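For reference, chains read A, B, C and D in written order, and residue numbers begin at 1 within each chain.
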Amino acid sequence: MNIKVLYFARIKEAVNYSTENVELPKDVLTVIALKNWLSLRGEVWANLFNGKQVVRAAINHVLVDDMAAIQAGDEVAFFPPVTGG
Amino acid sequence: MNIKVLYFARIKEAVNYSTENVELPKDVLTVIALKNWLSLRGEVWANLFNGKQVVRAAINHVLVDDMAAIQAGDEVAFFPPVTGG
Amino acid sequence: MTVRIQTEDFDLGHELTSMRLAEHAKNKSTKKESIGALVSFIGQVRDMNDGNAINTLTLEHYPEMTQKALAAIESEASARWDIIDSLIIHRVGTLNPLDQIVLVAVSSAHRGEAFSACEFIMDYLKTSAPFWKKEATNQGERWIEAKQSDDVAKARWQNKVKN
Amino acid sequence: MTVRIQTEDFDLGHELTSMRLAEHAKNKSTKKESIGALVSFIGQVRDMNDGNAINTLTLEHYPEMTQKALAAIESEASARWDIIDSLIIHRVGTLNPLDQIVLVAVSSAHRGEAFSACEFIMDYLKTSAPFWKKEATNQGERWIEAKQSDDVAKARWQNKVKN
């Protein structure tokens, strides 16, 4: 399925772009599976998702945990813990 | 001893004046003794200090309870519970 | 720490903005942390109370005691929390519906201290500062009764340790 | 309930005064209680942080999510407490020291509700709204780290029943 992935703040700087459309293999159905799949892309991605820093996720603008299911057409965002206010 | 007594709000309206200087008998040495002594003045005073409503006291601008000691030259104020803010 | 008792109205934006920016110069020399948070409370005359339209609200006070009582509350707040500055403006005299009555503002480096100190000052002001309110409605005048809930609000702080 | 995300500054006095007076007309027809209390929080860019002078602070956000996240926080506050109105203004883009960052204001009939709701909104905003701060100092740029204390502040509310 096809989804849109967004990156923000320190994570956007690490991957060096803010948005991409990706075609996922059939077995990538959750946020954690997506993290795993992205981490196979190379060092930048492996470093991002190696668990040393918290990477939060939102699906369609709602905060979710890594067990959340992804559906075709979803907008999935990755970002560091928020620091507004 | 001579002290100054002040009245505020609903209590000022009941006694119909705001300030007086009084010469206390020797045995009137506390706020409660002062309330007792004032209550002997007549119905208005007896009604004021009959215990049906809370009458707070301050000595020299500091809130006190009825056991507080009075000294010559003190400014003693009587008023209802406060309602500012 | 500032206390002002006055009959005239106050300019909310001016007061808060001054406070927000005022400690700047002082900070550079004497304080380690600069203002990051400003919490304020504004109390105003209600237009309705207990089902009656309010015509006016008159505030009486005990001038010699008021200033002292409010300064003592500010000192206590400043001893309990790590705040940078505090301001209390309280009006007296006869006010109209929707007039401002009171402003309490507290600045601090971080928000938790300012929230706690501001609410503390209001809770103590409500129960310890010598002000009395009299409402005028079409049914006549009446002194406002003190609320049990204000004593409860104050009592909460007496069991709390400094945080 | 209003949420505004903007690059431009806001006029604090104007915002608070509008809010203080705005519900007046609405009240007469639909609300039993009129506004007696207005609690507000203003957050500003510190001039110093961790011993370094701040040159600028840049706020990034996730536009499609921000509005939704803040509106959800306001709804939750309004479900928990008996408040009359709430306002969140949050700036984004590059700000200077002492610039206003955020205003949260809550009006209610009585002060306790407004204090709680305003602090609740700030605690949730700090931990749930998609904003990220980057500081520029003479030592370079750095992303601000999320604070453990903000998670603790939020967690307090999760054990509380509606009061």
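Worth pointing out:
What we mean here is this: a residue touches a chain if its C-beta (ideal position, glycine included) is under 8 Å from a C-beta of that chain, and two chains touch if they have at least 3 such contacts.
Owing to the predicted nature of the structure, the values given are computational and were not obtained by experimental measurement.
Traced through touching neighbours, the fewest hops from chain B to chain D number 2.
If each chain is reduced to the centroid of its CA atoms, chain B and chain C end up 27 Å from each other. Chain C has its Cα centroid 47 Å from the Cα centroid of chain A. Chain geometry summary: the mean Cα position of chain C and that of chain D are 21 Å apart. Contact of a single residue of chain C with at least two other chains is seen at positions 43, 111, 122.
Contact of a single residue of chain B with at least two other chains is seen at positions 85. Under the contact rule defined at the top, the touching pairs of chains are A-D, B-C, C-D. Chain contact summary for the complex, chain C toward chain B: residues 43, 59-62, 64-65, 68-69, 90, 101-102, 122, 125-134, 143-147.
Residues 11-14, 16-17, 20-21, 24, 27, 32-44, 46-48, 98, 100, 109-112, 114-115, 118-119, 122, 149, 153 of chain D touch chain C in their complex. Chain B contributes residues 6, 8-10, 54, 58, 61-63, 75, 77, 79-85 to its touches with chain C in the complex.
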